[in-house]
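Below are structures written as structure tokens.
You will see two complexes here that share subunit A, one where it goes with subunit B and one where it goes with subunit C.
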Partner chain A sequence: MKKILALLLTCALAALLLYVVALLPPMGDADNPTNRHVVPRYLEQGEEEAGTRNIVAGVVLNYRGYDTMGEMAILSAALAGIFAVLGTGRKKVGNAFIDRSGVQFSFISRTAAVLLIPLIMLFSIYVIIYGTDSPGGGFQGGAAIGAGIMISTVAFGFNTAQNRLPHHVRMILEGTAISAFFLVGSAGAVGGGNFLTYMLPSLATQIQATFRTAMLLVLEFGIGITVGVICTSILFALLREEETYNVEHAG
Partner chain B sequence: MLQTLNVVLLILLIITALTACLHRNLLVAVIMLSIFSLVMGTMWVMLRAPDLALAEVVAVGVITTTFFVATIFRTDRREE
Partner chain C sequence: MWNMPVDNINYAVAMILFCIGFYTLIMRSNLIKKIIGLMVMQVSVFFFLVSVGYLTGGAAPTIIPGVAPSPMVNPLPQAMILTAIVIAVSTTALFLSLALKFYSHYGTVDMDKVKEDKR
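Entry: the complex of A and B
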């Protein structure tokens, strides 16, 4: 009886959703509401107003800078939640299943890691620096940094990685993005404009563009470092085992 | 040509998504999710959203997969 009721409800929901899908405007139509309100402004004047050739970066960092700042706060909150459940690992009890697996003694994984990690790091820094001009930006580059650190953790063991990036160093780096946002935002406010305007009215107009590029770079690097380090911290929290392990269970 | 590639990628998306949902072995499901994100990244490039493609491949394909694998290895793997 319960199952039939659940089936009926699911079918009703599916029918409702499909009906709504049929009412949606056709994809890519020029008359869609999304193409008529803010998008033309972004596409036509974004390069001039935001100072970025990549419109996505202009929207993320300039038009909707507050949104991005909130997203960084959400990341920090998520990390705080994970620490509350799994522990912060300040005591440095280094125990993880990857340290007793055979992966890190494998010649193939070590060689691949040694060859790959420098390239991944170089690519992530490239993505961060050119995020305002080409696809990419702080989030993607930071995630690539986190991926590189993850590969090195798997290849060289949890203890090595944790000693290279101890808890007190990560704790400072995790706050970089919000600090960068407040620094850049206050720079605009100090000059007499609004928060996050990327403008200093007291500066000469010719330096304004250079100033804006520098501020965008500060933000991109802050976001990148924070995303990478938060990914690393979550991975370390997931890997760490506080109890001492039994050798019988190692296989 | 592009149309054929599109159809092939869409079929691959459906197959990997269904396998990720239905497979009994959690590790296989996680790897399928990773393949799904790679195919989805290709789709984003074809839909002219390279920003999203980068984020999809790096965040879902690498980072989420690593988190899932780490979590699976910390839990017991037993059949009911």
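Entry: the complex of A and C
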């Protein structure tokens, strides 16, 4: 009974959504309302106004800088929630199922990790630095950093990875990254402009472009570090909880 | 007006994905499967928004110096989805950690079993 009711509800929802979709303008048409309002300005003047050749990075960092700042606050709030639920694991010695599993960390996987991880880190830093001029940016680079740390966790075990990057170091990194965003944003306000404009009108005009590039780079690194730290912290928190469950129910 | 079957197939697929996720969310009693349903719903919304920004024959929205500008796809949905994906990851991790707590408390992730036990 409940199943039929849910199926009916879902079918009604699907019918409604498909009906609305059928009324939408055709996809990929240059005359669509989504392609006409602010977007031509982003595409035509994005390079001068936002200071980035990659328009997506310009939208993320400059035109919609407030959104990105709020998004970093949301990430920290979610991380705080995870820590509140699962505990922070401040103790030096963590333990997890991955450390006690019967499968030993094999020579092949360890060698592959040793070879891969430096390259992954190098690539992520490249993606972050060139994110303003080519496809890429802080989010993608941060995800690559998190992936590198996940590989090291799989290859060397939870204990080693967590001792390399303990909780307090991660929290300092994340706090620094988020405060850097606020500081860079308010530098514009202090210099006489608006919040998050990356302009210091008191400076000479020749230096402005260089100054803005430096500030955008700081922001990209801040976002990259935040995302990398969040990926790592989520992984460690979930691994650790597995261990506490096993201890509670094995004994 | 009724041009859906050919042009807007991406939109239609996104809506069907959304309904699949919705059905999973409300019908499954397993918490992990509920979370999977929620993720399918999230991904369908991302898919829909990125499709809205598509332009036929458009290039990636990156200006290459020395190359004549060509029509580019809409950068705004891409920037929004970029931030939304990261938020989706962190909120999913929060859901999963709550599910882990649920499991360590009740010994199961099945909500119906917990309800039966209470009776």
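Just a few scattered comments:
Just so it is clear, the second predicted complex is superposed on the first by the 232 of 251 C-alpha atoms of A that agree within 3 Å, B and C clash if a C-alpha of one lies under 4 Å from a C-alpha of the other, contacts with A are read in each partner's own complex, and residues count from 1 in each chain.
One rule holds in what follows: contacts are C-beta pairs under 8 Å (C-beta built on N, C-alpha and C of every residue); 3 or more make two chains touch, one makes a residue touch a chain.
Because the structure is a prediction, the values reported are computed rather than measured.
Subunit B and subunit C, once both complexes are superposed via subunit A, fit side by side. Contacts of A:238 after superposition: both subunit B and subunit C are touched. Once chain A of one complex is fitted onto chain A of the other, the partner contacts of A:127 are limited to subunit B, with no touch recorded for subunit C.
Rounded in steps of 10, the angle subunit B-subunit A-subunit C defined by Cα centres in the superposition reads 40°. Counting the residues of subunit A that each partner touches, subunit B and subunit C differ, and the larger count belongs to C.
In the superposition on chain A, contact is made by A:56 with both subunit B and subunit C. By the touch criterion stated above, A:135 is placed in contact with subunit B and with subunit C alike. In the superposition on chain A, contact is made by A:144 with subunit B only, not with subunit C.
Once both structures are overlaid on their shared chain A, subunit B and subunit C have a minimum Cα-Cα separation of 5 Å.
In the superposition on chain A, the residues of subunit A touched by subunit B in one structure and by subunit C in the other are 54, 56, 135, 137, 139, 143, 231, 234, 238, 241.
Listed in rising order, the residues of subunit A touching subunit C in the complex are 3, 6-7, 9-11, 13-14, 17-18, 21-24, 26-30, 32, 34-35, 38-39, 42-43, 46-47, 53-56, 58-60, 64, 67-68, 71, 74-75, 78-79, 81-82, 85-86, 133-135, 137, 139, 143, 227, 230-231, 234, 237-238, 241-242, 244-245, 248-249. Only residues 50-51, 53-55, 58-59, 62-63, 66-67, 70-71, 73-74 of subunit B touch subunit A when the two sit together in their complex. Put simply, subunit A touches subunit B in their complex at residues 54, 56, 97, 127, 135-137, 139-140, 143-144, 146-147, 150, 154, 231, 234-235, 238-239, 241.
Contact residues on subunit C toward subunit A in their complex (touch as defined above): 1-4, 7-8, 10-12, 15-16, 18-19, 22-23, 26-27, 51-56, 58, 60-65, 69, 71-72, 74-80, 82-83, 85-87, 89-91, 93-94, 96-98, 100-101, 103-104, 107.
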